[in-house]
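In order of appearance the chains are A, B, C, D and E, and numbering begins at 1 in each one.
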Amino acid sequence: MSLDLGPLLPGAIVLSSMLPGVLIFLVDEESHLLRTLLNLFGAVLKLVLVGVMIWGVWRGEVFESRLDIAPGLELVLHADALSVLFVSLSTVLWLITTVYAIGYLEYSVNRSRFFGFFSLCVSATVGIALAGNLLTFVIFYEILTLATYPLVAHRGTPEATRGAKIYLAYTLSGGLLLLVGAVWLRTLTGPVDFLAGGVLSGMPASMHGELVAIFVLLLAGLGVKAALVPLHGWLPQSMVAPAPVSALLHAVAVVKAGAFGILRVVFDVYGVEFAAELGLLAILAALASLTILYGSVLALTQDGLKKRLAFSTVSQVSYIALGASLLGPIATVGGMVHLVHQGIMKITLFLCAGNYAETLGVHKVSQMDGVGRRMPLTTLAFSVGALGMIGIPPIAGFVSKWYLGLGGVTAGQHWVLLVLAASTLLNAGYFLPILYRAWFRPLPAAWENEHRFQTRFETMGALLWPPVITAVLCLLAGLFAAAPVSPLQWAQLIARREYGL
Amino acid sequence: MTAQFLYGGAGLILFVLGLWSFLVHAPLLRKLIALNIMGGGVFHVLIAVAYRGDGVPPDPVPHALVLTGIVVAVSATALGLVLGARMQAGEREG
Amino acid sequence: MTQTSDRARQRAQARAQERARDLSLLLGVLLALLGAVLLGLYYLALDGGAAPRLAELALARLPESGVGNPVTAVLVNYRAFDTLVELAVLLAAVLGIWSLGPAPPGFQRSGAVLAGMVSWVVPLLIVASGYMLWVGGYAPGGAFQAGALLGAAGVIVRLAGDPTAGLPAEATQRWLLVLGVLVFALVGLGLMLFGAGFLTYPPKLAKWLILLIESAATIAIAAALAAAYVGGRPAPSKAAIDDYGSDSSP
Amino acid sequence: MSQPALLLAFDAVLLATLLALALAAVLSPEPRRAVMLFIAFGLWLSLVWARLHAPDVALAEAAIGAGLGGALMLAAARRAARAARSNDDEAAG
Amino acid sequence: MHLDLLTDPLVLCIMLPLLGAVLTAALPRRAVLLGSLMAVATSAAAVTLTILVWQSGTLRVALGGWDQKLAISLRADGLATALVVMANIVGLGISVYASGYFRDPERMRAFWPLWLLLWAALNGLFLAGDLFNLYVMLELLGIAAAALGALTGSRDAIAANLRYLLVGLLGSITYLLGVALLYTAHGTLDLDLVAASIAADDELFAVNAATLVLMVAGLALKAALFPLHFWLPPAHANAPAPVSAALSALVVKAAFYLILRLWLDLFAPVTGMAAAMLLALLGAAAVVWGSWRALRAERLKLLAAYSTVAQIGYLFLFLPLLAATPAGPVRDSLLAALVLMAVTHGFAKAGFFLATGLVQTNAGHDRIDDLGGTAQRLPATTFAIALSGSALIGLPPSGSFIGKWLLMQCAIETGQWWWVIVVTTGTLLAAAYVFRVLSRAFGLEPTPLRFITDARAEIPALLLALVSVAVLGLASGPLWTLLGLQAGGDA
């Protein structure tokens, strides 16, 4: 007796957080326990389901859910190697972020609303990851926009609503461009599922002009969420959101969704070789390089810790796009693996920043003198994340940069090394001073707004352990990059399939 | 056919006349009179179409339609007048 | 100073008037064009149209309809559904009028002449109405005309000073108002329930069913027209009316 | 004059009067006068319909359209006139 | 006892609410009970009708047993049934909501019979197969709607609805002149027979074309097509909330339905690209202008009313695309998309107005800028606004997302790409006005303890909004079947 999970599992993975999310809305504000149980139930269930799926995909099983939303318009959820990479990332990080968010927010207001949208948000992300065609991708992409808006606006202060408005204006406009691009593409090709190696290479040359225009539309739509310069304006503005939301935006969901979409379009719609033939990769490479450098330069000038991290995200996420823009499997591996590495490193940094704010009231780099002595574990985790971002071995970030550089050289694009070098210097420029302050500057007489929690650790457990765990993950991903199911190995699996090797 | 055209044509002129009055005159009463004249014009067309000469019985269907139309028109007129009166009363109170 | 501003205002007013006149003239010319086009089309339609239209058919089926007057046959039989909905329109108008509040007080005290007239005109109208209803089966007349006459009696009563226009108290009046639609609907649905089809009268019963419907319709039309003339929900009691009257009278 | 021609002339007079009444009703700015003219128009209309062998409709139009409709409008016109008067009084006093 | 299952529901859909109106008018003290019962019965009849049409295609009945030419026909095809089922589910929701809405017993008693008359008129209009019967239904609809709209008794409401009544009369008299001309030319009033006559005879082309113009002009006035929309915003914005919902979601839709019916069925041989393009241009202007005014509106209900002007505009964009697409699965899909957008708007706008009414009662006003934390105090209501709002914008998953997708797809395919610009502009503006409201839901107000505060009012609003999003957005396939169309519109 065996239950055929194939057509059910992808849908179940999306629903495993969506249904608890809907239920959470209905939970009375004061029912802490019920809400927490629902949260954790959804997160753990999803993790288990994703585990089953990874196991299956590894063994070559096909998981695909299909639903006709209208004749000719099909919602397709499909698990391939690339989607598994993103699904696992977001599921693992969601569990950690949920625990963190419970600690961070459980005693503030409007929790049912917050956690409801929190769950919808991750459901949409998983939907994006599993989307099997462009229509499905667009649908979940827009749902993600809608589900994150209330999270950004959550605090209800004028800055929060303003930030949320800017966020929405950017992402909805982007979503609309994506939609138009997707519709246009469909008029040329009919309904097309994502396919490793792309589906457009057979199009006649007369259509190439249109295909370039469509690519520009799609890239513009995806570039908003991926925060490609000049479409990145929303990201620093939405820093007003609570720390777990920032983590979600930067590491788990929104920015990643944009970057993931770019990977999908380049590899599974156009096909990387065809995209290169059309000259699209050059556009992407130029934009990505510009964003990497511009984001880093701006990060240097920020005193607000979260703002600095935000600009760092602008810069780092474009590594993924950079990897996609270089022809050749090695660069591809670099881009893909950075999807995961940037995620775990950046979430570490944001969770730590949240801890500083929540425990000590520290929001600015200039206030961080001596935090390392007051909060050693948190600062240690922060240091791992920051050094990883700079690219110090053996932390995960080094692996990404190595593959990207190597890929650039193999592709004959030596300028990539220059970009990476410049970016690394800049990264060091904005992270090392923080570490210096944290560890080597003297403690101030009193903290801005210190909370003492009833615990023997430096802060509340639910706030402390999540960043520590993700920091450990950063180390593991770097140290055991050669292990069978490491992100790197998985990225290599994807690259092999994309290039048909 | 001549009589049909003559009478029906008069109905059309009434319709246009009513339409003109409806568009250019603001007071409620004048608008209602205009609408009733428009309606009368349309009814007139129907009655003219029903007419088939003096020796032949006319077509009863348009007659029935017009009867229905008359009652509908008077219903609408009555409601319109009362709405107008309430508005006036409200104006005086306010 | 004030003089010049007055003059300026007058000039502006005159200009506005002139503009309005120009506009209405322009509209007039345009609509005259529309009229000409309509006339042309009407001519074409008459000329090329399907000449006997429904006349022959309607007259040919008259013996089966249960009435002798072709217009009544169309109204209560061939196109009975229209008439049913039309009664609903009348009901809607009265309910709409009622929803706007109680009736304004009757503003006229009856003169002796009018009161004298009421005493013979009203009975005459009622009799005429009954005749009209009965005769509608085979000669010009029918529920609408009968209802209108009866309603006119109500109007005269109201003019003579009775604020209720001779209508009964609200609860009863409501039943009178809905009577037309109610009987029509029940007959129609009853026939449907017994398998004849909605508003499909069996030939044997047709005459009587139509008379029943027409009687109910007459009462409903009369009540509705009179109620519309009253212009509002009937006042709940005599005392309330007096209060209202004393408030508004100087 | 032949009979059809006579009839045509009769028709023409009927219609000309009808249109004149309508025009007068539409153009009259004074409410009560306008309503009176409208009632006259309605009655004339029913006359024309009687001429067109539509006695049922003619009866209904005379009773409902011109009669009751006219009565309703007349009441409204009177109310409007009264309102205008009382407004004038207020303005004067 | 004998029940003819195939035609009875057709009659009952109209007669049950009519009977309900009679009973609630006669027994005002039991109006809520009787009205609710009849509302449920009517919806049940409508659902039965839908199932029957689903199974056996178009139903028709010539009333009174006379020849089709002489009698009045009722007919339920896919298009009519789709709108009937929408109108009746929405109507049921409005009924439940209304049963708790009116505080004043007099208003409650006045509401029920008029509302049921309106309901009967809607069903009658959707199901009528006769040109003159349509006129009577139009008048019933117009009179009941104006009376209901004035129910608040405020001066603004009375003035707006008086205007609405007059404009409606103008529209329906114009329509009636068209009927008179058609009867003159074709000698019958039955829709199918007139259609056949128009198709068979092109000698009367000029008459037919002019009649089409006349009728469409009259109905466009009632459907509030730009620039004939001036009466709509004040009338819809000043009515009581359940009435606003009915007016905006259903009544305007009925006039549009009639235009569509004439356009597609009756005058199909006469309609041309130029006329379609003209209507679509007006529709485009409605989309942009309506959305813009909604964005600038000071009051929530006015915003919703202007949004209706815009949403009606979208429906007209389909006409030139239909004209440019040859018969086949692609055209079928386009038609279904059109119906889907109309139906989705019905659900969404009803949900939106019902929720708006709750906000208004809770805050005591509906000025958007002063709403403060009202939205935050009412989570379920805000949710209803958000869900229906996203259907109004056309965000996925919602019926209008699918509709817009297919609209844009067809616009690109037929080379009429400029409609894509209209759609995207309208969508952005819609997002701006919806989120202008939703941003009020985030404030520093105290936390609401429960999700639902007033079940009888909030649940209908929420469910209607949910249908527009989840049901129509994720499973619209059945609509194709109901319309009797070929599935799979990709070529």
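As a convention for this text, contacts are C-beta pairs under 8 Å (C-beta built on N, C-alpha and C of every residue); 3 or more make two chains touch, one makes a residue touch a chain.
All values derive from a computational prediction rather than experimental measurement.
Contact with chain C and chain E alike is made by B. Counted as hops between touching chains, the shortest connection from chain B to chain E is 1.
Of all chains shown, E has the CA centroid lying nearest to the centroid of every protein CA atom. Placing every chain at the mean of its C-alpha atoms, the farthest one from chain E is found to be A. The leading chain pair by number of C-beta pairs in contact is C-E. Using CA-based centroids throughout, the chain positioned farthest away from chain D is A. One simple way to say how far apart two chains are is to compare their mean CA positions; for chain A and chain D this gives 78 Å. Chain centres here are Cα means. That of chain B falls 11 Å from that of chain D. Centroids built from CA atoms put chain E at 42 Å from chain A.
The distance from the centre of chain C to the centre of chain D, with each centre set as the mean of the Cα atoms, comes to 17 Å. With touch defined as above, chain A holds no residue shared between interfaces to two or more other chains. For chain E, the set of residues that touch two or more other chains comprises 70, 132, 136, 139, 143, 146-147, 150, 153, 158, 177, 181, 183-184, 189.
Shown for chain C are the residues in touch with two or more other chains, namely 38, 42, 46, 52-54, 58, 71, 78-79, 82, 86, 89, 92-93, 96-97, 100-101, 104, 144, 225, 228-229, 231.
In summary, the structure contains touching chain pairs A-E, B-C, B-D, B-E, C-D, C-E.
Taken together, the chain E residues at the contact with chain B in this complex read 70, 132, 135-136, 139, 142-143, 146-147, 150, 153, 155, 158-159, 161-162, 165-166, 169-170, 173, 176-177, 180-181, 183-184, 189.
Here chain C touches chain E in the complex through residues 37-38, 41-42, 44-46, 48-54, 57-58, 61, 77-82, 84-86, 88-89, 91-93, 95-101, 174-175, 177-178, 181-182, 185, 188-189, 192-201, going by the rule given at the top.
The touching residues of chain B, counted against chain C in their complex, run 1, 4-5, 8-9, 12-13, 15-16, 19-20, 23-24, 45, 49-50, 52, 57-61, 63-65, 67-68, 70-72, 74-76, 78-79, 81-83, 85-86.
The part of chain E that touches chain C in the complex is made up of residues 1-4, 7-8, 11, 15, 18-19, 21-22, 25-28, 61, 63-67, 69-72, 107, 110-111, 113-114, 117, 120-121, 124, 132-133, 136-137, 139-140, 143-144, 146-147, 150-151, 153, 158, 177, 181, 183-189, 197, 201, 203-204, 206-207, 210-211. Listed in rising order, the residues of chain D touching chain B in the complex are 8, 11-12, 15, 18-19, 22-23, 25-27, 29, 31, 34-35, 38, 41-42, 45, 48-49, 52-54, 56-57, 60-61, 64-65, 68-69, 72-73, 75-77, 79-80, 83, 86-87.
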